[in-house]
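Order of writing sets the chain letters: A, B, C and D. Residues in each chain are counted from 1.
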Amino acid sequence: MKTLTTSIPAIELQASAWLNVDKPIKLSDLLGRVVIVHTFQMLCPGCVSHGLPQALRISNTFSEEDVVVLGLHTVFEHHSVMGPEALKVFLHEYRIHFPVGIDQEVAGSSIPLTMQAYDLRGTPSIILIDKQGRVRLNHFGGIDDLMLGASIGQLLSE
Amino acid sequence: MKTLTTSIPAIELQASAWLNVDKPIKLSDLLGRVVIVHTFQMLCPGCVSHGLPQALRISNTFSEEDVVVLGLHTVFEHHSVMGPEALKVFLHEYRIHFPVGIDQEVAGSSIPLTMQAYDLRGTPSIILIDKQGRVRLNHFGGIDDLMLGASIGQLLSE
Amino acid sequence: MKTLTTSIPAIELQASAWLNVDKPIKLSDLLGRVVIVHTFQMLCPGCVSHGLPQALRISNTFSEEDVVVLGLHTVFEHHSVMGPEALKVFLHEYRIHFPVGIDQEVAGSSIPLTMQAYDLRGTPSIILIDKQGRVRLNHFGGIDDLMLGASIGQLLSE
Amino acid sequence: MKTLTTSIPAIELQASAWLNVDKPIKLSDLLGRVVIVHTFQMLCPGCVSHGLPQALRISNTFSEEDVVVLGLHTVFEHHSVMGPEALKVFLHEYRIHFPVGIDQEVAGSSIPLTMQAYDLRGTPSIILIDKQGRVRLNHFGGIDDLMLGASIGQLLSE
């Protein structure tokens, strides 16, 4: 099993806008619940075929009172064709109903702000945050359901 | 097996531009070969998960001298976020290497020109054209590999 | 596309018994139809996960008047646990409804008679027979649906 | 998430023989580890396509010091063709390497002893036992990897 050893306090997600939700998500409001952040780009094949379907499965498997699933659109390439309007259509067509933040652009850099803060290597990436608001997993690429489920189960029972 | 009874001469594809190819594709230049046109929209989930992977499988299974695979981007909704630049990124990220035409927009209509001419009902759709340039299958939605393979095999042996 | 060049007259299947059918199957009675023989062993993982599901898909896709699907149980190892009674349970549990012959054992050999006659290399194997009763494909191992579908389509239109 | 509320002390598995292991498995020897028992029949399609592959994934995902995967062959029908010799061939062909017990037959009943003791409803079934040797999940049928992973993770962190 993936050892969940890191315990860095999770930095707030820096989103220029949030979709699928009425007001901005603050991690500090979610203390007491396990939070899983799926970072993605809408034109990243691995995100579309693996990361986002897994996020939807998590969202459908666990109660929202136990596990909160968030998306974060961390565009670091092809910015002009993955803007907010395109993302809205994408979320609608793919029936992604959980909150999705648009990672804040940084002047003079192709890497957006939260992606920099969390030192993410690419998309898809998964950030797992425990009930006390600490980052326990920061994973780039695919991770299978059994392993991710076990990590979630471990954090739930802490 | 799907009976291939229609025998309407295939109308030329009306594309405002062709990607992945040096010059515009003309069906009349492809007489003597079986042609399969996969029409899609880049933000249509069924196209991304089923139609386009099948088109790639066909392209990898048959010799180009026998079977020509073409894509046609028939945007009939959300036009502003599925323009040529977005499509180029999409084809690059999904490694779609066969020629893709951009169906010609029609002033005052959301339905592009070839989509109207072929009376297509949505995306994905498949148009199968025989060696004599006649439409033999015009199918909306998914079709399984066995059935589609049998149709291609039938047209190849005519 | 797999070239279907062989044209050896198909040898009759030498079965000690036929299941799922009232009387023994004779290939000579099936002239005018395309025949596909899936050879398998009930405890062969590749047969259970790929070969037999494909045989069922073929059986469900094509009309029995066009394409006849036959199974042939070619046991060449572990004979004592893959006898007729075990096979009957297997066919029942896996809901295999097409005719299945039990390849005739040969005294002093572990390889049964039809398996020898067709020079089959193992399981699963596929034998494709055209309308004139000639073997056109004799394939060991997996073959994808597109390719097999195209071969069937070709034989159907001859 | 599946609530793990039951806490019945796990009854020892009553096996007439154990395969893939030198000496009989006793649950009492496994205290301190999470134990997962996959019960199956070798000719049960759902066991072959879902239950056993999941058991193998669990075995490959977790350290044996944390999670012990056991199989239990609970034959309740077609006994004559699912005997020990057939099972040995099955385990060999499907490359199942974890310990598998053969549930003890009961004179005058088609249901074997452990299957009766655990009140199992059929195959596949999953029994999840915590570090203190208590049954925490007794589930008939399929269960997805996320849910099962979360249950395992929960028991691991207790």
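Methods note: contacts are C-beta pairs under 8 Å (C-beta built on N, C-alpha and C of every residue); 3 or more make two chains touch, one makes a residue touch a chain.
Keep in mind the model is a prediction, meaning the values are calculated, not measured.
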Ask   = When you check each chain against chain C and chain D, which touch both of them?
value = none
Inquiry  = Looking only at C-beta pairs that count as contacts, which pair of chains has more of them, A-B or A-D?
reply    = A-D
Request  = For chain B and chain D, let me know how many angstrom lie between their CA-based centres, rounded off.
outcome  = 50
Inquiry  = Report the inter-centroid distance (CA atoms only) between chain A and chain D in whole Å.
reply    = 35
Ask   = What topology does the chain touch graph have (line, ring, star, complete, other)?
value = ring
Remark   = Within their complex, chain C touches chain B through residues 1, 57-58, 61-63, 66-67, 144-158
Task = Spell out the part of chain A that touches chain B in their complex, as residue ranges.
result = 43-45, 48-49, 78, 80-81, 83, 85-86, 89-90, 93-94
